[in-house]
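By letter and in written order, the chains are A, B, C and D; residue numbering begins at 1 in each of them.
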Amino acid sequence: MTALFSIRDLGMRFGGLLALDRFAMDVAPGSIHALIGPNGAGKSTVFNCVSRFCTPFAGDIVFDGRSLLAEPPHRIVRLGIARTFQNVELLDRMTVLENVLVGLTSHVPRYIDFLPGARRIAAERHAVRQAEETLDALGLLDWRHATAGTLDFGRQKVLDLARALASRPRLLLLDEPAAGLRNREIHQLDRLLVDLARQRGITIILVEHVMQLVMSVADRVTVLNFGHRITEGPPEAVRGHPAVVEAYLGRDAHA
Amino acid sequence: MLLSPLLAWVVPEYLLYIGNVLMMDAMLALGLDVLLGWSGQFAFAHIAFFGIGIYGTALLDMRAGVPFLLGMPLSALLAAAIGFVIALAAIRLRDVYLALATFAFALSMQWLIRTWDSLTGGPDGLRIAAPALFGIVVGTDRRAFVPMAMLLASMLAAMLHLTRSVLGRSLAAIRDSEHAAAASGIDVRRSKIAAFTISAFCAGVAGGSYTLFGSFIHPDDLGIWQLVQVLTMIVVGGSGSIGGVLLGVGLIGVLPELLRLAPAQWLVWQELAYGLILMLTVMFLPLGLRSVLRRNLRTTVPPRTRRGTPTMEHTAP
Amino acid sequence: MTWLGNVGTHLLACVAACALALPAMAAEPGVTDNEIVIGMFAPLSGPLIAYGIQPVNAARMIYDDVNAHGGIAGRRVRVVVEDDKCTGSSLVAAIKKLVTIDHVFLLHGGSCTAALAAAREFVTREHVPLVMLNAAGDSLVFPPQREFFGSFQSTQRVYGAALAEFAAGPLKAKRVAVIVHDDDYGKSNLASVTATTERLGGKVVAVERIPPSITDVTAPLLNIRAARPDVIISGAYPAPAVLIAQKYAEYRMTATPLLQSTQGIPTPSVFAKNVGDDTALVNFYHTWAFNDIAEPAVHDRWYGMYRAAHPEDPDPGGFMVTGIPSALAIVATLRRLGCDVTRDGFVAAMDGLDLQTDLMAAPLRFGPDRHDALRGVRVVRFDGRTQTVQPGVYSWNGQDGN
Amino acid sequence: MLMLKLLQAAASGVVTGCIYAMIALSVVIIYKATEIVNFAGGELVMVGAWLGLLLVGYFGLPRPVMLLAVPVVLFVLGAAFDRLALGRIARRRPSRRLEHATLVVATIGLSNLLKGAVRGIPYTQEVRRLPPLIGGAPIFVGDVVLERQDLAIVALAAVVMLALWAFFRYTLPGKALRATSQNARAAALVGIPVAGMRMSVWGLAASLSGLAGVMLAPKLLLTPDMGDVVTLAFAAAIIGGFTSLPGCVVGGAILGIMQNLVGTFIAPQAIAVTPFFVIMLVLLLRPQGLFGDTVGVRRV
């Protein structure tokens, strides 16, 4: 198995706090890889390092044979990595359609503003069509002119995902996509993730607290606590791991 | 626009002056809004760029014989260039530090103008010679009105273009969430620098336009209080929208003139009233008065019938 | 009561004459059969209201008094007041409104020279006479401009020259230290102190230009102390003036006389209270363009008049009187014009003004090449409690520092 | 002579620096707890000073009563501002980025409001002064003159700084405030009343400003515009790192001395621009200042 994406001995510090300590994981292409652990374990920090919002003091992040640490944040999506956010980072004052258009930024040539009128309009139309396709696929097309901030929470989460998907990523980082959703919605999310991975071949890293979802969709699970990797393996193996039960499942299983 | 030549001949000069000032303020506010309303950065340097526009245009004309049509763009470019350099240095700072650094920059620029006597006239102020446009000497409110209207119209057109551009969308995205913008492939740093530079350029143009009807400038006119006035206009009207900014400029710009109708002993409380207006607006109308006007025009409620096959369904929580 | 004139005797003759002159005058803005409109402007809001509100009230009191005594040649004076905030843009708006909407006959106002300068081109173009209220800067009257009349409580040139002359004369000082602000007031104050001192054989040994916002005057006073002057001349504003006096006492420099221009000491008793230490004022002098300190009768008359006219403001500050001389000059000139009131005539008559009042230290005089009214001021010694007016009037010769 | 000049400039600079530090402390504790730069910081000082003068000079209250009353009134003022204005803004959040600019604008609004309110009172048209709490003849150390009230100001700044430092470090409410400022969400989770905390920080900062006003009024002189001195407090805070309490005092002293040295050895005209240059230089070269615990630079 050659990994599409691997994290090698990552170390990250906030002030005096060691957030990640020689953390490593490998993600196989086309797989759904879950990253679990209690609050404050460092899961979002991993994502933020991949997004290049923070810089680790040690280790490396490699995607498709290429180190990400040399790249600025906005280049990450151009390489094929898109992400959603734990608390939903929407562009609140923009419309739903505009949110998805922003997600398409990496596919729009940078000099577009300087193109002559007709060609610019054609390019813009093309972008709008692509955005609408994405919205349609996720069932948000009817809201395309609504202001994103006015959507209900569930739809905001879908929109966050739509924005990420619009960039046609090869690797998708999902930060707690199921948080705050109802059972029925979680079930639909389950189907969607499997669909994305199996049909469209998108590799997914999933940070999630909802174990029902993790156990159902993940091909592999990495468990993280206090910045350490506790264990890694297929869901069934991880479920029974004593450290996991103690550190994590024991508390969250009731949720 | 078509009416403006006509207006310029029949209206008393006082009203024309107010009109010219409002148009200049509109350019100033539109420029500041590129920074504040679009990209969400809070900076005080704008008033300094305005000053560079005024002093640059006037001094180029008077000392070097550079005509307005060349001198004004040159000064605006100078403002933009300085803005670009400041942006390079300051954009990496957190919000508050950006505000403080530009606050210090604006005040030191005012100090420089006051102290550099030999160039700027220093504390005596600078008399501005009336510039000529195509051989016609302007310099009065009547003659400046049409050129001012044309300048403002071009800036509005440019702003409209900007709102529809990818850069405009990127700035709006940065304003709402820097993280989402960066994760979507927007070069946040580059866009912010662009916004800062464009904003400085607009302030330079606004400053240059002042020389069309203003005959005197003093360093005292370039203080933080003047910037707060512009800020009030944007906040009250509604930041992040051209219509909102124009609305705010109209309301706040006309307010002191309307107050001339009030009894003289009320005037002392003006400053308090401005503070109150500013606070009440941010408290109750965070999107400005524009949001009140638009509430009935545009609905954000989703339609009842939906088409397409939803992959995920949601009901309101 | 020179300025009130002999109202009764002139009245009838004038009314008759005016009736004849009427057709020719109909075109003059702001003047009708029974009314002359004067447009006033001053800071009525913002940081400098101290220079606006009470002086405007004082000027209005003069006009009200004229009206109460039958007006000028049968015409009442009507005043329109606008706020100029002491900023250029607000002042220009005020003036343009007064001229093009209210159609006033003349403009009377301005407390801030820098703001007033913004109105120069408009006023000159429209040929509206502008009589300055109490602006004490020089830029609009040096060189003189046809429409602008000012310096009714003198300007920085006069304060500077008077103090330099006083230093060289009674104080016999050879080495002069100057502390002024880094603005237009400071610039002309310094120029005239320097020129006058040098003319009188002295030497300026230290020049400290300080920002008005200064919070610690240690540095300038250390520099001055090191220069060992015979006298210190200050053109500072009220707050820095207090800081200077305090630090000067703290550094035991009180053997050297401290001479302060008017603008730093609006009300002497408040100043003394602010300094808080009368030992700082054993050798302290200031300039004052008015006679109300020297002559209690003069003080009582004008302050009494003010309290009667403005019962809502029973305790006016020391700058109240600065609104009076310009109004007196306007009234006197309008009286000389009689019924033939035109702007050109007013400018010509102002050019011939020579008005002796009980209030001012020297006569108010204009000429075709002189548009600064007052060139002589008094020097007052102030020990924290009593003010002792020094003998003589100290004058500027019209040249030093030009 | 040169040495004496240097020493006197330094001594006096330390005193003025402590004035800046007192105001900076108030600005910094608000920033630490809420990440807002309080542009009304100077006006709170101004209101405190005028209130003190009103109580002592007009109502003739004894000084200890005034010293107690001013901080109390200012506490209410600050807390009310947070509760009525900032709290409301923070609750309705059109977007996170906009909110920040809006909160700053609200403090600018407060600054104009307070200034305008004081200006409306005719008595304030003239410069006034509150007599110093401690009088007496100056003390000579060699040839350097030290005023007693100046020494009191230095001592007070040190005491206030230490008291605040101890408060944040050792007391329960202080620790809760620190937790709130570091992570409001986590603080709320462990049961700290975040809104109440913010409100009390504003109250505390305002009463500190009021106290500073009363102490500093003998030196700064009272005008409705005296709040402009907040610029110097910003500079002092930035030198110190903007989040550090000892940094305020050290930064203030450095700035005060620097201003006097510039005034003595370069030109008094340059005194006014010194703080602006200091702000720009520090932010350019070392945004975290001398003692800043958070780095002022972001990656995005």
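We adopt the following convention: contacts are C-beta pairs under 8 Å (C-beta built on N, C-alpha and C of every residue); 3 or more make two chains touch, one makes a residue touch a chain.
None of these values were measured; they are calculated from a predicted model.
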Where the contacts of chain B and chain C overlap, which chains show up?
D
Interchain contact steps from chain A to chain C (minimum; 1 if touching)
2
Most central chain by CA mean?
B
Looking at CA centres, what chain is most distant from chain C?
A
Report which of C-D and A-B is connected by more C-beta pairs in contact.
A-B
In whole angstrom, how far does the Cα centroid of chain A sit from the Cα centroid of chain B?
39
Whole-Å gap between the CA centroids of chain A and chain D:
44
With chain centres taken as the means of their Cα atoms, state the distance from chain B to chain D in Å.
31
Can you list every residue of chain D that touches 2 or more other chains, as numbers and ranges?
94-95, 98, 119, 269, 272, 300
Residues touching two or more other chains, restricted to chain A: which are they?
52-53, 73, 91-93
Among the residues of chain B, which are close enough to touch at least two other chains?
115, 175-177, 179, 182, 188-189, 240, 268-271
Contacting residues of chain B [partner chain D, same complex]:
36, 40-42, 89-90, 92-97, 99-101, 103-105, 107-108, 111-112, 115, 174-179, 182, 188-189, 228, 231, 235, 239-240, 268-279, 282-284, 286-287
Any idea which chain C residues touch chain D in the complex?
46-47, 49-50, 53, 182, 208-211, 213-216, 218-220, 222-223, 226, 238-239, 242-243, 250-252, 266-267, 270, 273-274, 276, 313, 317
Chain A residues touching chain B in their complex are 51-53, 72-78, 82-83, 85, 89-94, 98, 101-103, 105-106, 108, 110, 112-113, 136-139, 141-143, 146-147, 150, 152-155, 158, 160, 163-164, 167, 180, 182, 184-185, 188-189, 191-192, 195
Quick check: in the complex, which residue numbers of chain D touch chain B?
31, 35-37, 84-85, 88-89, 92, 94-106, 108-117, 119-120, 231, 234-235, 238, 242, 269, 272-273, 275-277, 279-280, 283-284, 287, 296-298, 300
Applying the document's contact rule, which stretches of chain B touch chain C when the two form their complex?
12-14, 17-18, 21, 114-115, 122-125, 127, 130, 139-141, 214-218, 220-221, 256-257, 259-260, 264, 267-271
